[in-house]
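Two complexes come next, and they have one chain in common, subunit A, joined by subunit B in the first and subunit C in the second.
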Partner chain A sequence: MGKKHLENADMAKAISRVDGRAKVTGAAKYAAEVQLQDLTYAVLVGSTIAQGIITKIDTQKAEWAPGVIAVISHLNTPGVPEYKLQNQDVIQKQLRVFDDANIYYNGQPVAVVIADTLERAQYGASLVSVTYKKEQHVSNLEDNLSRAVVPKKAKADPRGFTSDFVRGKAGAYLDAEVQVVEEYIQPSEVHHPMELHSIIASWEGNDKLTLVDKTQGSQQTQASIAKSFQLKPENVKVVATYVGGAFGSALRVWPHEIVAILAAKKVQKPVKLVLSRGQMSYMVGYRPYTLQKVSLGASKDGKLVGISHESYGKTSMYEEFTENVLQMTRMMYDVPNIDTKYRIVPLNVSTPAPMRGPGEATGSFALECAMDELSYKLNMDPIALRLVNYAGQDPDKLLPWSSNYLKDCYRLGAEKIGWNNRKAEAGTVQEGEWKVGYGVATGTFGAFRSAATIKATYKADGTLLLQSAIADIGPGTGTAMTSIAAENLGIDPSLITFQLGNSSFPKAPMQGGSNSVATVGSAVVAACTNLKVELAKRAAKQKQEWNNAVPANIQLKGNELVNSDDTASKVKLVSLFTEGGLTELVIEGSAAQGDERNKYSFYSYSVHFIEAHVHELTGVVRIKNAVSVVDCGTIVSPKTARSQLMGGIVGGIGMALMEEAVIDDRTGRTINASFGDYHVPVNADIPQMEMLFVNEKDPYLNPMGSKGLGEVVIIGVAPAVANAVYNATGKRIRHLPITPDKLI
Partner chain B sequence: MVENKSLEEEDNQGSSRRDFLKKTSVMTAIALTPAAAIKASDLKLDEKLADALEQVPLSIDINGQHHDLKVEPRLTLLDLLREKLRLTGTKKGCDQGQCGACTVHIDGVRTNSCLTLAVMHDGARITTIEGLATGNQLHPMQEAFIKHDGFQCGYCTPGQIMSAVACINEGHAGSEKEIREFMSGNICRCGAYANIVNAIQEVKAGGSRA
Partner chain C sequence: MQYRKLKLEVAVHNFQYTRAKNAAGAIAELSKNPAAKLVAGGTNLIDLMKYGVMAPDRLVDINRLSYNAIQKESGVLSIGATVTNSVAAANEMVLQYQPLLSQAMLAGASPQLRNKATMGGNLLQRTRCPYFYDISEPCNKREPGTGCGALKGYNRMHAIFGASDACIAVNPSDMNVALVALDASVQVTGPKGKRNIPIAEFHRLPGKHPELDNTLDRREVITGLLIPDNAFSKHTTYLKVRDRASYAFALISVAVALEMEETTEGTTIKEVHLAMGGVAHKPWRLTAAEQLLKGKKATVENFKMAAELAMQGAKSYGHNDFKLKLAPNSIVQALKTASGIKA
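Let's look at the complex of A and B:
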């Protein structure tokens, strides 16, 4: 049997991005780039205090400024109808835009200026003067742990990852021969997609709204806005054809989107609102600052006896944000005793948001660093430690894994990076002025699937149009869907067009939680199958043997419909259109999850290997090599999948070495709200890397055999870097990011 | 390109919506009584005044097309391209010269178009991503970015490509290390750096120049 797994070189030959040409020529139109007649520009004014009440807003100077059309605040807002309704969801309570004079965080939108040009709106915004009655604010997590609460969500879901949980005995690590008890801090991290969050809002009369918006879910934004403005969902159209990254920041409707809609209502013209890079730091979510305490206990042979894991994360004063920080701890290793505790601390900050690998990326940093620390205490290889504790089934749900190739991930990655070169004793390898170390860590993320529909339009000229509401924030959804359809039908990918990012297209989930390929891909398979059945039905009128054709054996080869079971029966495709004088066939296909989750536990896995060089004098960390191996089932689009894994590693390197949104607790303001001060990886920080996929089918999640990829690729990268830095230097950094000051 | 012309006309119409004289202190400066000012406004005299006071002429060549424009001095080159001329291929990623998404060539030199005012480039020759291909024939760097998958979301891509072309022309693509250094002014949050380096190396090896 030949090699099944994929390495760098195997993936170069796969099909290129179907929207590549649009993206390299500048033809791709992102949200702020769609042209409308009479377009006006809106610029937000943010609060300069973190807690208190607005006592006065002076807008006269702004209103008198050239080109300014309107200034809106809580004093003259057209209003959001939903705010007047009773029985609102108390857990997901959004910030009520311009609803009253209360301030909950520094930078909260308090007014918006609309003008005929961007420059005039910007100048107008600078003229709005706001007076406040300032009250005491709180923004520091450690200083306010006494305010920690159990999320309301926990009561609704006692088995969920935010509820206090005990398996076996709580605190069992205390009885173990070898113990690790440590605290880990993940600072706030900002998504900062390259495209600024942008929206163009346009009303048609009082009851129809069109939004060109940066969103990860055209239909989810449609539903949310329809609810807020009490409109019929079909009267709200959301277009998100191209989305310039998001990483979780566009999974919900944010205040600035509501503002743009209110502004468009007020001025009766289309309004464009683009956040500044600074506003991106606190207006569209972030990975929340989280303090974790992990306690591991193991026997001398490395078998885990017990894990206790506590997590304290920031949330806002008006909304409870939770994430699955503790999920990995409950299912990753075969441990008889586990207890977990999840708390959130309401502070004068804006609401966090899921950020790539939400929860698990934070949790794995603590758990996988603690595992590394344990390996040194045991004098045991970190991979061997993980293999000793490998879980043969899901110890949390007590279900078999749908598929789990973690052992292959460890083996393939160790070979590729040259794990044999790692010295068991930390701080012992020197190359010139640099200390050299290797680290490994594991990541996991649930593999999901929901419901979707595809509309397929197959034309007599052999071209196929597929449509879905799904967004593509960058992973290459259109490319993956085209690959699935091309393989299923046997036609050339160049004949297929996949249209997405429009609420008018058939049902699709949000692009989040790594479920796009599993969900929409299954609908593509269903639509292709339905198309083949329809073509066979038409063919049967010419040759009745087509009545017995099995869809799996039908292919559209060249200009003919071919049954691989009965090749003599082939018919010209074009002849199937003559009946009724049709020029195209319109077919739908739908697919949804079944009861598979009752029988199996679904997860994707990643194992990351890092070779880090740490400069002795300056404490600078250079990533010399990175090897990541992912088990996410069958790879349907190798070239784009490889880039997605590459992006996850880069994101993880940023998380490990540089990313930290800093709030000045004296003002509650984010003080590094720019790319000059908030550092993300640049080209010089990133080496050539090896991306590997086990590429073994998951038999139960979907017809393609795939599992989710987008999240799991970042989970485990940061601890792998931290573990490599420890191996190089003997210094254990438990507070990210690992900046030079912490190493010298 | 015909589209650009119609825009310039349309933009002038857009300016006529201003209630300029009614509101600004300029009216006191030119010593008009309020009633006279309102009358002047009704006669659209404010537009003429605004043109005279606020806008300066700009003669600029963009992607081989000549434009004679009148723009506010505070307009950045980036916003001229994106908001006035509808050349939205050039991207706004930070508006502070920190991300490189807005990179264009000004007389052949790569520049962050958000950090320079349009009026500073009277008589200049600007090339944007829309001007890189020759008809349907993509520039080798555009081809290489597709082949090596030098992007995911595509938002930083025009800036990366404009920078990459300049990087080779400047003689800063001599080694992988040098490319990484001289491409570090262009942030890619999707993390396609290694693919971008491969694309540049391939174009460099092919000896292609802009």
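Let's look at the complex of A and C:
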């Protein structure tokens, strides 16, 4: 392979974030910063018990407090119309906001206070007094494994990753010469994006609603709210122009959003509701605490014989949350025998949510640590072990990979980090007081695309406006789409404006599951193609050679339309507008998934390399170097792609070394529900990092050749850290996070 | 069973604000209103007010009082109460005469917080025990008589020395650990006049009254800190072991101040002061270990013996069992760093 891959040094020429300036100067307004006339402020009151019934809510003091407009609870809620329509069990339903007196978890919203200022609403909320009949609750996973159930959805999808599954023979690892049988624990992690979850709800009459909301899907929130409040979808407008991170926490409508809408209905004024940092631990999901058992069996030459993998994750009492913890185990390695078992344990906690690398980040921690453990038992290099078991096609779906450059990832990363410096024997390298070790681990995440439409408005002044409902929660979607359009049309990126985050714009999926570039990018290409066809049609009226122009050869160079096959045929772009006296051309382009999934298996891959130093006496871990290599097809926007990978490594270091939402099982309350106590990495924790991309086209997923990037960047980082710590110390930490107390 | 009425939502209660013109004014405010509180940087008090843990009805701002000097006079370094941690940590006299204090302050919080945090406020910062902070939980320190949430709860950050059944919280300050090792004293003025409180007597152990963090009278104002000269400046270390590289409270911290001497027997310890943080309701002086080390050769063997001695009487509560090992390890490490002795 030539030097097609991208490294840190290649980023200089790439285009910068199109909204970077607005974001760093504060010109970008996030939901909580939007001001409307007559705005009122809502503050939620959460339960302080985990299971039981509200026997009394005393709101009088709050109602009499200065500035308080209303206090709403289950006693006087205007009601959510959908709750009356369906008479379903509360299990399998999202939490029914203020629907009855039942409490299912500590921190559950029980009332809301609306006032003319935020401070008065907060003060009012502190005066609401709730009395409960407390019942026995359960919140600890290990103590309640007997409550584990097969998720109901498994029945509907027997081949899915939550169903009990056997390929070949179950428990085949038991017959193998070399075995690893271990348990791994991923604690709960809270997403804690920088921007707090916020919403402004305002009604116009009884049937029109506008929401300024933190969401990863403007149209999906629109549809969900329209259903809840029995409104016509076109009467619900959702605006999410800027979203300050989400990591999966804004993939659905949460109770606080329903509350804001109910509150706005009650007070007949727009209502702003911003969660506090503490409430973020209770209200908007988390990566669920998960216990896994992994059993690997291999022959002496390292060839895997069998894998058994079980997963037990937390869910709430009222809703089943599942994720693909076991997906990687089924497709990553060429293993004849696999059996997997997925269980969830309903507890008095709020419902989890997908969090960056949902399921796979948890699953890869167990699988890739177990692979590392196996490598020591075999006395084999961990990369060599993975290469011996490399799967030439998808062993789960029995389809060829659409593209798979994993071997390049291992090679490029090993060179960059200096893998040769790693000593095969753990705990043998010491630099002063620090023990030094290297670790590697692999990540993978399915590559998808769905359906999207782009509206393109091309103006006579040469500028192009593109619109899509897609949210941008931080990856730089607007930048990537601008790059795709600029490249396709041959125009300068500065002429392009990409507008997003509005349910009135053309159809787009949620920003989640790493499919924004693949999906919306395809629609951008379609719109650009349609625009070129339309311009060629107009040009043909001046020069008929344009009748035969192929879109791929058409470029908008300078102020001319150019056909690369025939330079003589250039026409002035302005001249194409004269017909009909137009000042702009409005064109749409759509793209959707084809039948490619029947023919190929689509995955992105990441390989992470970590050099860790562990202090011999204090157990402090310092990551000295991190190198990650990603195969996610063609990189359409190098700078923002690099930022994504950087963020994934940082998130993965946090997952490995410090992130843990601690619950006191006596109360079901979160002990560290603040940014002071819930640790995420600070700058001083972050080492020198190298972000590499294989940058080879995937021929089948979309016209750009791109696969997904957002999730795969974090998957595999935590096990790489754990493996490096083992290599340094000979201590295997199977319960994240790896804090100093576990290493002394 | 009817559950105690508890609140999750917290808010700042209404309060009045006044700016003190001089110490006498501040003392007068405190004397006439038992619910009044001084505010300096506000980084701890305002936080606690937002969490509903403290609800003073009058704040007396002391930032404009003239306790903002750093001076060196007749063998004593004095630092005014309203000097910020940032300013003190970067001050040339502090760096020259009491580098340990600077090291400890720089290990605390974040630059932004240190820009606001004052010497007086830092001395009085309250524990970070999560049960103290969450007003829906029981806490004898916040609400005497309600019980201790941490005793049988999540007590990873909690005390291993000098705790009581009423409270196992720790003093979270880094600065205070250095002050104890340096034999500082706290200058205060109050209705009965001025006094100097030796730092070792300033903070309390919880006993039956964990609501009292220290021995300061409610009406007294801290005016400054006094630190006597010493011969330690070449061999000081503040080691802070924490869950991330910055902006986290100590699991264990150790302040070491050594005076070394070359004798015929090799490098010996002429004088040693040792204190630990993250282990008790007050910064913990390691007197027995100091005595053991004094006059001994600086060897890792001796450091280990001292660390073992220092741990006598330690008691853990479950999640903090690891401190029984991390603490002596940290003492040894800090002594190694301060002495430069590797083996």
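Simple rule for what comes next: the second predicted complex is superposed on the first by the 736 of 744 C-alpha atoms of A that agree within 3 Å, B and C clash if a C-alpha of one lies under 4 Å from a C-alpha of the other, contacts with A are read in each partner's own complex, and residues count from 1 in each chain.
Rule of thumb we're sticking to: a residue touches a chain if its C-beta (ideal position, glycine included) is under 8 Å from a C-beta of that chain, and two chains touch if they have at least 3 such contacts.
Keep in mind that what you see is a predicted model, and the values were worked out from it rather than measured.
Applying the stated clash criterion after superposition on subunit A shows that subunit B and subunit C can sit side by side.
By the touch criterion defined above, A:I649 reaches subunit B but does not reach subunit C. Of the two partner chains, subunit B and subunit C are each touched by A:E119.
Once chain A of one complex is fitted onto chain A of the other, the partner contacts of A:G26 are limited to subunit B, with no touch recorded for subunit C. By the touch criterion defined above, A:P352 lies against neither subunit B nor subunit C after alignment on the C-alpha atoms of chain A.
Once chain A of one complex is fitted onto chain A of the other, the partner contacts of A:G512 are absent, as it touches neither subunit B nor subunit C. Panel annotation: after superposition on the shared chain A, the angle at the CA centre of subunit A between subunit B and subunit C (CA centres) reads 50 degrees, nearest 10. In the superposed model, A:Y242 makes contact with subunit B only, not with subunit C.
Annotation for subunit A, partner touching more residues between subunit B and subunit C: B. Residue contacts after overlaying the shared chain place A:P681 against subunit B and subunit C alike.
Of the two partner chains, neither subunit B nor subunit C is touched by A:P151. By the touch criterion defined above, A:V274 reaches subunit B but does not reach subunit C. Here the smallest spacing between CA atoms of subunit B and those of subunit C, following superposition, is 5 Å. Subunit A uses residues 119, 674, 676, 681-685 to touch subunit B in one structure and subunit C in the other. Interface of subunit C with subunit A (complex): residues 1-3, 5-14, 52, 128, 130, 133-134, 136-137, 149, 152-154, 156, 239, 241-248, 251-252, 322, 325-326, 329-330, 332-333, 336. For subunit A in complex with subunit B, the residues that touch the partner chain are 16-17, 19-30, 32-33, 35, 37-38, 63-68, 116-119, 192-196, 242-245, 247, 274, 276-277, 473-476, 639-640, 642-644, 646-651, 674-676, 680-689. On the side of subunit A, the complex with subunit C involves touching residues 43-49, 52, 55, 107, 119, 122-126, 128-134, 433, 615, 617-620, 622, 657-658, 662, 664, 666-667, 669, 671-672, 674, 676-677, 679, 681-685, 739-742, 744.
Per the touch definition, subunit B reaches subunit A in the complex via residues 10, 14-15, 17-18, 20, 23-25, 50, 54, 72, 74-75, 79, 82-83, 86-96, 98-99, 101, 128-130, 132-133, 138, 142, 145-147, 149, 151-158, 161, 176, 179-181, 183-197.
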